[in-house]
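In what follows, a single structure is set out as structure tokens and then discussed.
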């Protein structure tokens, strides 16, 4: 199998350049609140992308992303609280290691369980970590979480810059853009093709001779690491870590981003995240329980538009 | 009474039937022969709404029933005895029968009559009436599958390979049952691999090949001229 | 530690187990017959509790509230199944998980909107305690277990006898053949979902005097019910009941040593061990 190319490549790169350009320009034109908001959308977008690897490409619905995200967050917190001066790169490493360990754990179960059993188990894992973090107050700060100082954007020998909101934003744009490029490369590689083949017809993929277990393990690890990275970014942006983010409902929201944006498209989930967060921002001023209509729209989309916005657009434009 | 007109049917993405047309008149016993995999079972399933008919029509008693859900068809008088019998293994013999017997519009007297009739035709079922369906032997399960269909008091029974895997003694029992049903005016569309049996009980026979009907003749003609059978079935 | 706390926790475990069994039976029944994992099942428990609380505020009668809640949620469940789940029949299981998750979200926020964030308490219909070793044990708790058991028993009888019970069991075993026998399968599905919803609602009302009714109790019940259903064997009614009691007893004993919030980890561990070693269910006679 060769890497996939299609007539959308050129427009895609043009679009990508435009979007990145806009994002880089954002802090220079937007008021502070919206600038922060843009940064947050990017972080959740990264989380949604990581989730798409599992849901969209491999066909495994995981409620465990809150665990990966949470451990990335707490891992970063650990680094930033225990090592002086707070080191950005160490925070990233700690966060990725934390998320990676959880991902390895989940990966083990991914290979032995299918469908709903897998989903329920990932949900249970999220809850296990939630309970541990919530009750182990001495280490994790329990209900109140942990607060810490932001590190500097420091590259030894090159620069040492404080993270102003603008610098942070650019850093996040860089990280998320790079992650996107990396994930895109991976999903379009032969490896990515096999993942999709697993989603479409697992027994047949196995019959052809692929070690489905190994692919699933790698998919979970990949997904977990990028989710953890999102957690690290969130910790750095907000300077706190809280158990709320480990609650499985966060995973649920991520899944909503995925479905609304379009699973299996990588870009779709980011769009879904942006759409959802903007909707929340807009609607919550008028109607506190905005999640009721949003939830209903979600259900309708699952039934009638399972491809999500992007999938729908893609089909329309391909015709 | 039952007519298939140019039915194209799919099983998932496989195009199995490429335009099947046949008909069964009231009270007729019609045979459907063909090698393995030509689409005989799929033809029955397309009547039952279980194999998506993409093109073509199925009519029953003048009414278009193409693609209707199975439970409507049972109400209209079409009963199905599938290839693998599909006995409800965890239900007792009596409960299996009741899935067809417990219908609206059937009073207690009629129910008792139906049950007695079926027990008379299949004494072994009366014996085992409180046993779980899964504990019956292959032949007994076939009896049960047919008896269960009879509970619907159907106008036509779609019989899919009833003698598959049965001992000769049971095969002749099946033959007697087909005869009995025919006597009562129940039409039968019989899919079979057993050619002699089919030719013996049927009035007319269709022969299928690769998803279409290739030959159609009265059974008497085919009995007199076995070369045709050899040609299509290599038997 | 003395002998008595263990016995008290055994009784507590049994009581909680019976309520959980009531919730789980509905869930496993629904899964067995239509392969649907109802993520919103716990939220039906929650809604039932709230409807019961509101009814009781109006009528003052617990038993009327129980009945009304069960009926209202049964009708709601039927409507839900017809509108949301029927179109999804035959699609891959991923979509029903997502759809019912969406329903769960909507129900939780709806409850928050209609009943507010604070917990509702229901008055016990049976007050008074009796001497259980060193403490005074409430009669109501025992009554709850008995009532839950009675409802489950009634369900069992319903399934074993009568035409509808045969229809349900036939549809569970072989949906297509059941349909071919004239059984109105879509209608059977809707009715079973309604029954499951009614049982969930009843659990919510029964649980009301014990723990109060809150929005978040839905997720809690859903999670526990899932664990019970998996440990008991999906689609296996008897297994769910045993598993519910087993898990509740484990949690009850665990809370002698750790806080209740941490005691739930015991059930998580039970789930994981079951999935690893006996994935078809601990209480299933032979692994298939």
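Letters A, B and C name the chains as they come in the text, with residue numbers starting at 1 for each one.
Criterion: a residue touches a chain if its C-beta (ideal position, glycine included) is under 8 Å from a C-beta of that chain, and two chains touch if they have at least 3 such contacts.
Nothing here was measured: the structure is a model prediction, and the numbers come from that model.
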Could you compare the number of C-beta pairs in contact for A-C with that for B-C and name the larger?
A-C
Using only alpha carbons, which chain's centroid is the nearest to the whole structure's centroid?
C
Hey, which chain ends up farthest from chain C, C-alpha centres compared?
B
Could you state the distance in Å from the CA-based centre of chain A to that of chain B?
55
Taking each chain's centre as its mean C-alpha position, how far apart are chain A and chain C in Å?
33
Cα-centroid distance, chain B relative to chain C, in whole angstrom
43
Chain B, residues touching no fewer than two other chains:
none
Spell out the part of chain C that touches chain A in their complex, as residue ranges.
37, 84, 87-88, 91, 93-95, 97-99, 101-103, 105-106, 109-110, 112-113, 219, 223, 226-227, 230, 259, 261-262, 264-265, 268, 271-272, 275-276, 279
Which chain C residues qualify as touching chain B in the complex?
163, 166-167, 169-170, 173-174, 176-186
Under the definition above, what is the set of chain A residues touching chain C in their complex?
55, 59, 61, 109, 112-113, 115-117, 119-121, 123-124, 127-128, 131-132, 134-135, 248-249, 252, 255-256, 259, 288-289, 291-292, 295-296, 298-299, 302-303, 306
Any idea which chain B residues touch chain C in the complex?
48, 50, 69-71, 73-75, 79-80, 82, 86, 88-91, 95, 98-100, 102-103, 148, 152
